[in-house]
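Two complexes follow with subunit A in common, the first pairing it with subunit B and the second with subunit C.
Right, the complex of A and B next:
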């Protein structure tokens, strides 16, 4: 079914509530609707059309249209269609019906919209502060256009404490984080524990916000932003820069040359390789199996070296620009890359064979951290977590980008829904990535790697792009703007959705399983925490003020 | 002062010195070997000595809830382990053969576990409390195994004397030592837990509990606790060798003595290899495993009481 057919269905159902629609291509649909109709339309799309919820975006559009905008993004994976439902809200006191009670996956996105843009989701089941630090003054919304990107609120209250919910009867609180050996980044899970069993938890994250979106919208230019976007994440840097570039390209309808698309594909798959190998290692470390942890890092290392050869960085950074890539892959690098892939395949095969027969690891991972099909649907889970539950989604096939439409590969699924299935999915995806890169090297034609863009990019266009990151779908939403930079850029990393399901995954499990359950979604907190104007300490140690702490560190140094 | 008392004192002192001297070395072997299995270079063999020295020289911070108890726990831990050293034959007879028996040994072994509980309790943090609750469960399940092994030996030899029991006594049955063989298997399978290594290091589990009971220790006290743990590895290995692999220990010095330490060394290597190739079990899985071993151990005890 095409975008047009879906639009006709919506029009039949909702008639005049649909104000206008944009169909820039067969794979994108933008529907502008009445604010009052947003909730029923979203429910219809989510429940009756069985589309996957992606993200909600709040936009301060007052300088341009005099209104606030809200967009809810959905994906029709079988129909290769990304759809956005948009509505305009009044500039004073913007309010919208919350969709979280019919689409639980929207919970965080709506809380974030409330914190950062000040759009009130009316009827939200849990309208608690999500993103802003504890001491941030109420009523100040950093993503509004009248708040400058370097604004420091005078009335920031360092002593205000975050109010956690009361634990249920009979449970003790075990603080997991903000710092913990298995969390590579700060995040705080307050576990409610009864003996060794976890009965529930509350999450408080967003502790390392860097204000990336605000920075991009305020001071950077179109071609600066890829370099910023890839710094959202320490692992999937290339994913974010490619997703951003593609969303801008789709907004203004330009197409990078074929060779650039192949190079992007190769870099994305290299990234998946090193990410999956890293993950298998970390998962083993979490269950105390350090030997495989070390071995998988040894096997991974040559990938980092070849990435350095191609991009100049040990990582897959600084490659992507709007309309192309920055460096080419030379013939001798091609040969070297082939050799690296052969070696990797030979070394990885025995590891997978050994792991899949290991009863010891299975004991720790089977029926642990279960996220079944229902949870995947309700929470909009993506990537290996969804595929391990038998949900056959993969943006590389469902929403083809770069050169994936010209390549052959299998989407790996498992049925177990548990950590063990996620191990298997990731272990097998390594072989698919190797296959994809080999095909790219085979099919890559000579030609330019960068499109010449002569004209200024038109303003006010909407762009969506989804890229299959190692952890799942990374989705970017862009409104192009003036001064050679976007008006609004919203990043939704896969962890943003997957992390929301962790409380459900760890409920009624042992504490010992908590770490591997959390680890199994391959959490990337930096991806989630990308959004804040300044990084103010929301620290646990209240006796020290930020200034005192700074003074202290300087004294010691 | 007669010769016996002098031997007790000098021998006991010698044993303590030897244990203190070699314990970090065995730890070094363990770390180096683990590193080689993991394709790493690994630290120098003498690294644990330097680590201990470094920790001993650090500032002594008492961050737990009851510092007095924390202090007490760490001294008691090291003292207990070193007292056990006096009771175990290490290439010679047990120095305190005359003044203690296997019952005392069993008590001291339990006491060394209790020190960890005290330490965790004194620290008072949530993680150390979870750690000691696990430690307690493990102790309850694990302690009977060693006791049964010793009782089996005592039954065969009709004696509680250290030198008699800790000399392969488990095999001293009639035709074929069924009970001894069973206990050997049981002890081999549970040995990782006695020395608190993967897959049974549940009470410390770095990635879950951040060292559990030891969490609030730092500096010199951490050094002493670590020292006690290093010594624990040596002493349990020595006990294992004395009970189950006695052959050749009565040879003339230095042959018997060298053979004894070689056997201990081999055991440490075995522990390392197992630890490096396994994932950590969850506490309930570990307890279930120990429970099945206890059943086997009781069968061995029954056999022993009928002279098999």
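Right, the complex of A and C next:
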């Protein structure tokens, strides 16, 4: 079904509630609706059209249209369509009906909207602070345009404590994190434990929220942001820079040259290769199998080196700009890349063969961290977590971007819904990535790698882009703006959705399985605000405050 | 059979042999286009401030001490080595070197400071060749970044003096 047909269906059902619609292409649909109709329309799209929920975005548009905007993004995966439902809210006291009770996946996005933009989701089942730090004053919303990017609230209350929920009767609280040996980044789970069994948990994260969106919207320029976007994640950075560039490109309808698209594809797949190998290594490390951890890192290293050769850096490629890429792949590098892929394939095959029969790993991962089809739908799970539950979604095929529409590859799915299936999905996807890069090297033709942009980008255009990151779909929403920078840029990393399902995944299983369950979504949180030092001789505890720590780190040597 | 898979895994390990490189005794040579510490060449620099305007990390600061002298300060500790400065420099005065062992006890060791003779330039922004409109100068006219505290100041003198025109060039006020 085409975008137009979907729009007609919506019009029949909701008539005058739909104010206007934009169909910039066959793959994008923007529907502007009455605020009161947002909830029924979203429910209709999610339940009756069976679309996948992507993200909700709150936008302070007061300087331009005098209103607040809310957008709910959905993906029609089989129809190659990304759809956004937008509505305008009054500038005073913006409120919107919460959709979280009909679409549980929207819970975090709405809480974030409430924290950062101050749009109240009326009827939200769990309206608790999500993103802002504990001491942040109420009523100050950092993503509003009247708050400057470098604003430091004077009434920040250092001593204010976050109110955690009471554990259910009969349960003890076991804190997991903010720092935990198996987490590379800080996140805090309060596990409610009954004996050995986890009965529930409360999550408090966003400790490394760095205000990247605000920075981009207020001081950076279009071509600065890819480098910033790349630093959203230390593993799938290239994914974010490409997603950002594509969302701007889709907003202003510019198309990068074919060779640039192939190079982007190659870099994205190189990133997936190193990420999957890293993940398999880390997953083995979490279950205590360090031999394979060492071997996957050894096998991974040549990929880092070839990426360094192509881009100039082993991880932060800084390759992507709007309208193309920065560096070309030389013919001799091509040959070298082929050799690296051959070696990788030869080395990875025996590893997969050995691991897939290893009963020790299976004992630790089978029927652990189960996320079934229903959870995938309700929570909007993406990537290997969804594919391991038999949900056949992959943005590379469903929402083709870069050069993927010209390439052949299989989407790997498994049926087990557990951690073991996720291991298998990732292990097999490595071979698909190798296949994709080989085809790219074969098919890419000579030509320019950067589109010549002659005019400034027009303001007020909407752009969406989804890219299949190693962890799942990374989705960016952009409104182009004045002064050579976007008005609004919203990033939704795959972990944003997947992490919301962790409480359901770890429920009623042993506490020892918590680490691998969490590890199996390949979580990507991303610095700290407090540190405690203990003088061992006197046993005196000194708690360093945030200010003291900042002063310490900024002190020049 | 789990024993068999254990044996297979042992073979994988044995086959690999020793892979650790003898670093730092013999550092691995870096590729040709490696982006290490940028080196600023004062002899080639014309002081257009294109690098400062397109630095994603705001690691290049500009301060005009008088009509003739412009100071460019590169704050090395803030650099992310993306190489955009070298790319947009119209005079190719910046090269991304192959230096990567730049750990130091003092962050100031990484800084570079250029004092450029500006002739009679009015800081119009014309000498910076924009690769595309996306790389335009954010600020034309005289600039007074805070070199002491390594801070960008989003104001030109035109702003401070409430003057919208420098020479014949209209200045955008923030």
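Note that in this section the second predicted complex is superposed on the first by the 527 of 557 C-alpha atoms of A that agree within 3 Å, B and C clash if a C-alpha of one lies under 4 Å from a C-alpha of the other, contacts with A are read in each partner's own complex, and residues count from 1 in each chain.
Basically, contacts are C-beta pairs under 8 Å (C-beta built on N, C-alpha and C of every residue); 3 or more make two chains touch, one makes a residue touch a chain.
Fair warning: this is a prediction, and the values are worked out from it, not measured in the lab.
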Kindly say whether there is room for both subunit B and subunit C on subunit A in the superposition, answering fit or clash. fit
Go through the superposed model and pick first if A:171 touches only subunit B, second if only subunit C, both, or neither. neither
According to the stated criteria, A:441 is in contact with first (subunit B), second (subunit C), both, or neither; which is it? neither
First (subunit B), second (subunit C), both or neither: which does A:295 touch? both
Which superposed partner A:304 touches (first subunit B, second subunit C, both, neither): neither
Where the C-alpha centre of subunit A sits as vertex, the angle toward subunit B and subunit C in the overlay (nearest 10 degrees): 100
Subunit B versus subunit C as contact partner of A:286, first or second or both or neither: first
May I ask you to name which of subunit B and subunit C touches more residues of subunit A? C
Which partner chains sit in contact with A:360 here, subunit B, subunit C, both or neither? Use first/second/both/neither. both
Between subunit B and subunit C, what is the tightest CA to CA spacing in Å in the combined model? 5
By the touch definition above, which subunit A residues appear in both interfaces, subunit B in one complex and subunit C in the other? 291, 294-295, 298, 358, 360
Note: in the complex, subunit C contacts subunit A through residues 1-2, 4-6, 8-9, 11-13, 16, 19, 30-31, 33-35, 54, 56-57, 80-84, 87, 96, 105-108, 132-136, 138, 154
Complex contacts: residues of subunit A adjacent to subunit C: 219-224, 227-228, 231, 291-292, 294-295, 298, 301, 308-309, 311-313, 316, 318, 321-323, 326-327, 347, 350-351, 353-355, 357-360, 452-457, 484, 556-557
Help me check something: in the complex, which residues belonging to subunit A touch subunit B? 172-175, 180-182, 193, 195-196, 284-291, 293-295, 298, 358, 360-361, 363-364, 510-515
Hey, which residues of subunit B end up touching subunit A in the complex? 34, 37-40, 126-127, 130, 133-134, 198-199, 201-202, 205-208, 210, 276-285
